[in-house]
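There are two complexes below, and they share subunit A, which is joined by subunit B in the first and by subunit C in the second.
Up next, the complex of A and B:
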């Protein structure tokens, strides 16, 4: 952890237009929760629907993508990363710092609004709000690590990340049961399920698989990001 | 004593091809760029992979017609069913049309030619529209060609030419709507990654909120209001236009669209808004 690198990364992410994207999705989630409340949809069933479809299914992977790739990909694109990696700071430390920045942003922009909007709908009933907040916190950390690695490995990180989040987790996961085991979203829901005792929430993945998988994916992705950054070569654009 | 040397530079006195030619050239160049033609192999992977994914349902449809004498996907709902792939194509490729020119600040170079800023924008919109139209129209045409060749229903029943042509016309409208919005959003940032993320974020925002809004309004016994929820997603909006114009079955999981010409009016207004935003953006970008 290097505070200067962290400060620069925070400024790059929050000081530009990217912050509008980071704000747009949580605001839409809270707006939908308010709308559901106004139209009398504030029962646990529609709360679970909103959380599964929108908070975990759409907002979290997108924010993970924006924050995870946003901490490093623009610098690689610009070539300004060369100033950072030519400093006497260990490259794994740079990778870890960037990961922590992305994870903290996801906690603020994804987990907190998730808790708030679930709380708006059902208050603290059945532990839904806490369950989904904790689930999206841990899944957000994993997404930050995976998309940070993707941002270092390829220039098409955002597109590949979208294809993973949209096609693999949503479409393929819907048809092929086995694919759901390897989906960060499903791990998040399994954590949410274990905390809340709502009958409307059912998951395919057991907690015994989800938690180790989240930890392994996060640790491996951060470690591998550091390794990749150690032997990093800048290539030309397009 | 000085002397001016004639070092032999010659004036150009051949035919001048004019603005129309340069606009067409820019359109073709942008269209080739969208599919990665004339660029590195790595930038061809994404558009062609998505194109192949779009062709898969067409192949399955033809196989179904030939082997088990059943229609696969109807023409009218093809674009709606494949919307995730079309949206990814729009998000991943529309920044490649506009972002590099803004990023490397080469707009003044284009404008030093006879081309004007409006023609530049028109060329980019036409290129993206054609690319998206091809993405939807080629599989549709493939299915239609398969239908003509297999002639499943025998010579007495005419083929579904009307449905096919309706789907093609609507595909063009959809392509124009998506191109106007995709380019307007991705022209706001010179960074490609951010452009991709913005376009897909807006699409997902509209598509993921629709079922939630629909379910809420429907459970509050507000069926009429619930029907309007579908129009939040561009693919269903254009499908509603198709239902109104050509009387095709609605491609929604439940309920229907609001009747009448309202979806068509919304579509036209949205296209105008997208093109207007793009024109304003480029007027500002050119002034810099």
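Up next, the complex of A and C:
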């Protein structure tokens, strides 16, 4: 962890207009929760639906994409990354710092609003709010790592990330039985399910698979990010 | 410190950007001269550890450069691309460089570096409000903040106004005299001549020439020159010039003569005398190939 790298990265992501990108979806989530509450949908069933479909299903991967790629891809694009990598700091340290920044942003902009909106609907009933918040936190950490790696290995990180987040996670991960095992979203729900005792929440993936899978994906992605950054090549204009 | 390149090549797919280059950059100022697209940036990126050579080795005092972040203690780098965070002020940018280097007194180092490039006054403005020349100077300040023995600059004078250019040239010369190893790339011969004690010429990825600026100048003046001449009697002048060995060939056209001079000095001496002796009036004598591209083209045919 390097505090100077972290400071610059936070400023790049939170400065001025960029912060709205991070705020948009959480505000939408809270707005939906408020509306459900106003129109009498504040029951556990609606809460689970909102969490599954929007908080974990849509908001989390998209925020993961914005934060995970956002901590490094724009710098690689405009060449400012040279400022960091031309210093006597090991590249894995830079990658790890970037990962921690992205993960902390996801905790603030995804896990906290997830907790808050679930709490708006069902308070602490059936452990739903805590369950989804913890699930969202761990899945957010994994997303931060995966999208960071994506931002380093390809210049088309956002496009590939959107395809992954929407196609794989929502369609394939949601409907194809075998593929569900390999979906960060499903792992998040598995954690939520293990904490909550809501009958409306049912997951296909066991906790025994989800937790090691999350850990492995995160560790491998961060490690690989460091390795890739170490061999990072600047392609000149020539 | 020395930067050593041994048979260094770099290719992108089928395109060869740098082809079998061997050179040593020692203390003092070295200019890397070559036309756009010659592979100067590629070569600099390999020296700076931002690109792996496809073949050969790049070392700094015997230490491998690629995948070795420790070298940045000794290297200051001024990249060609903007590469400056627009949302930081000049001060924050240079200070962050000092902190990233883990300097004992980053504030003092940043202050000194900004003073060196005369950027104290606008230092509290955001970089995005700077002119290109100011950004360039802030980049130089960030590269100098840890007082590195080696400085690599990619087209450092681009975008600077004449006064800033002069100032940076003085600065580079002074650091070279102080024993730092400085390499800067440029496609402008005059720039390189004015700053560098030593010149390496890169053409189409190949190391075409090497020497001090006098040697490079001589190489460039001794090549065959092409002149366009209009006179009161082109045919008579052509015949008279052909009698001397300094003339390699003459083409007579409707717009005058095109003369290929194989010995520049002798030809320059000869032409006015021949005209006088033959009572011919010279209306126009102009070099037809004085641009740098043709100089480089000559150097590359010479090196093959």
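In the analysis below, the second predicted complex is superposed on the first by the 232 of 238 C-alpha atoms of A that agree within 3 Å, B and C clash if a C-alpha of one lies under 4 Å from a C-alpha of the other, contacts with A are read in each partner's own complex, and residues count from 1 in each chain.
What we mean here is this: a contact is a pair of C-beta atoms (placed from the backbone, for glycine too) under 8 Å apart; a residue touches a chain by one contact, two chains touch by 3 or more.
Since this is a predicted model, take the numbers as computed values, not measurements.
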Checklist entry - Sharing subunit A, do subunit B and subunit C clash or fit in the superposition? => result fit
Checklist entry - Between subunit B (first) and subunit C (second), which, if any, makes contact with A:112: first, second, both or neither? => result neither
Next on the checklist: I'd like to know which partner A:82 touches here: subunit B for first, subunit C for second, both or neither.
Outcome noted: second
Next on the checklist: Just checking: does A:211 make contact with subunit B only, subunit C only, both, or neither of them? Give me first, second, both or neither.
Outcome noted: neither
Checklist entry - Just subunit B (first), just subunit C (second), both, or neither: which does A:6 touch? => result neither
Checklist entry - After superposition on the shared chain, which partner residues are touched by A:233: those of subunit B (first), subunit C (second), both, or neither? => result second
Checklist entry - Closest Cα approach between subunit B and subunit C after superposing, in Å? => result 11
Next on the checklist: Output the subunit A positions appearing in both contact lists, the one against subunit B and the one against subunit C.
Outcome noted: 238
Checklist entry - Within the complex, which stretch of subunit A touches subunit B? => result 17-18, 21, 24-25, 28, 32, 35-36, 39-41, 46, 49-50, 53-54, 57-58, 62, 65-66, 69-70, 73-74, 77, 156-159, 162-163, 166-167, 170-171, 238
Checklist entry - Okay, in this complex, where on subunit C does subunit A touch? => result 12, 17, 36-42, 45, 48, 50-52, 67, 69-73, 75, 77, 79-85, 87-88, 93, 96-97, 99-102, 142
Checklist entry - Contact residues on subunit B for subunit A in the complex? => result 39-40, 42-43, 46, 84, 88, 91-92, 100, 188-189, 191-194, 196-198, 200-201, 204-205, 208-209, 211-213, 215-217, 219-220, 222
Checklist outcome for this item: Contacts from subunit A onto subunit C in the complex sit at residues 2, 4-5, 7-8, 11-12, 15-16, 78-91, 230-238
